[in-house]
Amino acid sequence: MIALEILLATLPLVFLLSLLFEGIDRKVHARMQRRIGPPIIQPFYDFIKLLVKENIVPTTAARSIFNASPSLAAASSIVGAAIPLANLIARTGIIGDLILVMYLLTMSSIMIVVGGSSSGNPYGAVGFSRKIMMLIGYEIPLLISVVSISIKAGPSLIYYDIILAQIKSDKCLACAYISSATAALTFLLCISAAVGVVPFDIPEAKTEVIHGPLIEYSGPQLALLKLAKSSTIFSLSLLAFTLFFYFPTIYELSIVLGEIATLGACLLGSLMVMLLTVTLPRTVFARLKIGQAFKTYWFFPLPMAITSLMLSVLGW
Amino acid sequence: MIWEALKSLFKKPLTVQYLTKPDEKVPVPERYRGKISYNRDACIGCLLCIRTCPAGAITADERKVSFSLDRCIFCGQCSETCPRKAIEITSKFEIVVYTKSEIASQ
Amino acid sequence: MWKIASRSRIKSPWIFHLNTGSCNGCDIEIVAALTPRYDAERLGCVLVGSPRHADVLILTGPLTSQMMPRVVRVYEQIPEPKAVVAVGSCAISGAPFLGSYSIEGPLDRIIPVDVYVAGCPPRPEAIIRGIVTAVKRKFG
Amino acid sequence: MVNEREVKYDEFARFILPVGPVHPALKEPFHLKIIVKREEVLDVELRLGHVHRGIEFLAENRNLIQAIYLTERICGICSHSHTTCFIQALEEVGGLKPPERALYLRTLIFELERAHSHLLLLGIMAYQIGFDTLFMYTWAAREKVLDLFEEITGNRIHHAMNVIGGVRWDLTPKMAEKTIRVMKDIEVTTRRIYDFFRGETVEKRLSGVGLLSQHDAHELCVVGPTARASGLVFDVRKDDPYAAYGDLNDSFSVISKKEGDSYARTEVRILELFELINIVQAALDRLPNGPINLGESPVRLMRRIPRGEAISRVEAPRGELIYFVKTNGGDGLERLKIRTPTLANIISLKKMLIGCEIADVPVIVTSIDPCLSCANRITLVDHETGEVKVVNADELRRKKS
């Protein structure tokens, strides 16, 4: 199984890339506020520092869940990011891996709030109820948009098949079909809620619920949770770019450097996606209230996702 | 707001790179009330400064005065009260110390 | 390995700020240290909301009797290793408030303080310098 | 059966959420015990006193000059208002009349302080709703005002500008020029900030939140921008002019809004920023020449103040500030009583908070611009009988020992 080996090899790559992406995000965010901002490797410093810090488990916490959930969250989101990256490198896929990735990413964000609510802190509990409400809001349109794109590309639930479809038609899917363009828009709109950054960071709002689920975590546990969050950002922006905007004509030009050029271009593209969907909204919007965020998602992305699904079934 | 943010992205940051670039500092104005300096020879021992110091940082000491700078609140009242200008305000503001007694020597 | 750890600690001091009865002067200067002019984040400083995440505890104010048990609790909640910075004259000695019935005297009576930053209030530059000095001494 | 289950669910969903005394939304310690049901706030219990430093008691044991600096350190944001108010009372007792130029300079610093305080509040407001960029922009503009303070008075926060019978530092023509330049800058920035505050997301978070009707505002005796946002037109600068406000009466008008929500309270502050720019410009235009204080040594002036009492009030950035001063004829105070604007406003929080969402709590608390270091007074409430008992300093000391 060469694919498994590649998958294992991608894990450290995901770790590095997601922290690097977070560093770039913070730098650009700072520059938009006319500050210098932290150095790009700042997330690495933070991660290592938290790893070697003391770990405190509050006496009120349900110990086993509290201890297990950060590792579970980090593991599932890193694997969730590694699968698409490994498939992109190995140029293969297994049936249903797209569903697996979406599931793992959701799992990671659920694990974070489960751990938070097991800490026994009332703010953790508020964070939990808010996160569940947010999940209902964004998860449905997100999944529908993925289903819509997979219908267009096959229909197939293999991640690499969708990329193959784009290579075959020599066009990115979002440029080729109206339904895919709508699905792409939905997906992009959902990213900032799925990763929980400012207009939708309601479950972990610092000034309202003091980081919500993260409140009682310290040291290595917190490092893992932060890693889970940044690799979710990385994974979702990579997915968004490769599923919808994979421009095959550009990548397949250079045959000599083929693999590396393709990968590099994909990463650059997903960086752009991240800057557009994570950094920019968190710079220019204020945090919404839970009711408003919920309404936002049910009024715009959900109808859009359903439209795109219908259009793709109709073959547009 | 979006335009503002994007424009700022390409503007020079407002940051003064204190500590990360040598010799870069926000300028200290002339009137800045920093650490006080005491000229013992000019002092005539009228003890008026002790009466007006709001923090009780000045104590009598052999017909002159001595300062416990850890209590100083940098109001500059002592230098204003002093009839001989024996107490002067300097513009020194970076007083970062490990123990309280070091404040006087910094 | 140890070198990397201590370098990371120096490069990423997360701050928890606690007001123990200060007049706001030092508190707004601490916040001002994060704003574009001074931008403490370029040195890795982030203001966090929960003491569990913090490395550096910044204390301002002369320590009122109501805040005393809370200061101890917050201090205990911060995971090791930690540094404590006392900002402002009140935090150092109690300055103009000494002698009041509700002041429990200088901070270092109840918790160990690593670095004192004098001033009333100190300029944001001095506060940044204080944080950097504290982490260098404590974690370096 | 169904009923029982409903009741149980109700009890499950209802829990107590402590806000403070240590909370990132509050820069100062202050305790709110909030009983919430899911996201809704059912009841609020307010507790103050975490930053009570006993300043009134301390001032009674010090001489007048020391008391000036003590009142300055009541609050770092409105330090000049406190000293102005205190010194006005002293001057009234002593029958001292500060020269015209001193009054104008006091007014100038006063308005600059209002500018810095309002910009600060706008920034904090943006920070509370998670709008970091707006917070950064606002505070970057505020830095310019602080630079001005540093240049004129020698410190960014505690100005130490007032002395008995005048002011301590003069304004050089160069500084006046710079002030005008900075004010023009601030006007431009404030316009931009106003646009941002009118933007979609911010308005969504603020408007309709924390309603305080005109009737309630009147009943609860709120002051300052909080009252003016609820439709009460009341401003000490206009109604009972002090310092140079009598002469500058024509250069500004009192801003007032009818809505009474958090957005109106924020908007009043933004519009007041424009007004105060006018005041500063008018004050600089009409600045008379002459001495800036009575030219006597402070210690001698302090001794000239006889036994007597006076009440003085000013319009601090947060509202009406009242000082009652009773001197003992020596150089000390017999009694000092301070009624700060936040103390008047903070009671209205309970009215505003009940029925809102958890997410609105920091917004509402910030919208009255609480300055808790001003507001802490000791009042003990006996929980069983509900009896309210005010404890004086002597009793407290006995309790401590």
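Read from first to last, the chains carry the letters A, B, C and D; within each, the first residue is number 1.
Basically, a residue touches a chain if its C-beta (ideal position, glycine included) is under 8 Å from a C-beta of that chain, and two chains touch if they have at least 3 such contacts.
Predicted model only: the values in this text are computed from it and were never measured.
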Most heavily contacting pair of chains is C-D
Mean-CA-position distance for subunit C and subunit B (Å) = 20
Could you give the separation in Å between the centres of subunit A and subunit C, each centre being the mean of its C-alpha atoms?
-> 35
Centre-of-Cα separation between subunit D and subunit C, whole angstrom | 25
Euclidean distance of C-alpha centroids - subunit A vs subunit D, Å = 44
In subunit C, residues with contacts to at least two other chains | 35-37, 39, 42, 48-50, 96, 120, 123
Junction residues of subunit A - those touching two or more other chains | 30, 32-37, 206-207, 210, 283-285
Would you pick out the residues of subunit B that each touch at least 2 other chains?
-> 1, 4-5, 13-15, 17, 20, 54-55, 73-75
Think of each chain as a node with edges to the chains it touches; is that a line, ring, star, complete or other?
-> complete
Given the complex with subunit B, which residues does subunit A contribute to the contact?
-> 28, 30-37, 280, 283-285
What does subunit B use to touch subunit D in their complex?
-> 1, 4-5, 14, 29-33, 48, 51-55, 73-77, 80-81, 83, 89
Parts of subunit C lying in touch with subunit A, wherever the complex brings them together | 4-5, 7-9, 11-12, 14, 35-36, 39, 41-42, 44, 48-50, 52-53, 55, 77, 79-81
Listed in rising order, the residues of subunit A that touch subunit C in the complex are 26, 30, 33-39, 42, 44-49, 52-56, 206-207, 210-211, 214-219, 222
Spell out the part of subunit B that touches subunit A in their complex, as residue ranges.
-> 1-2, 4-6, 8-9, 11, 13-15, 17, 20
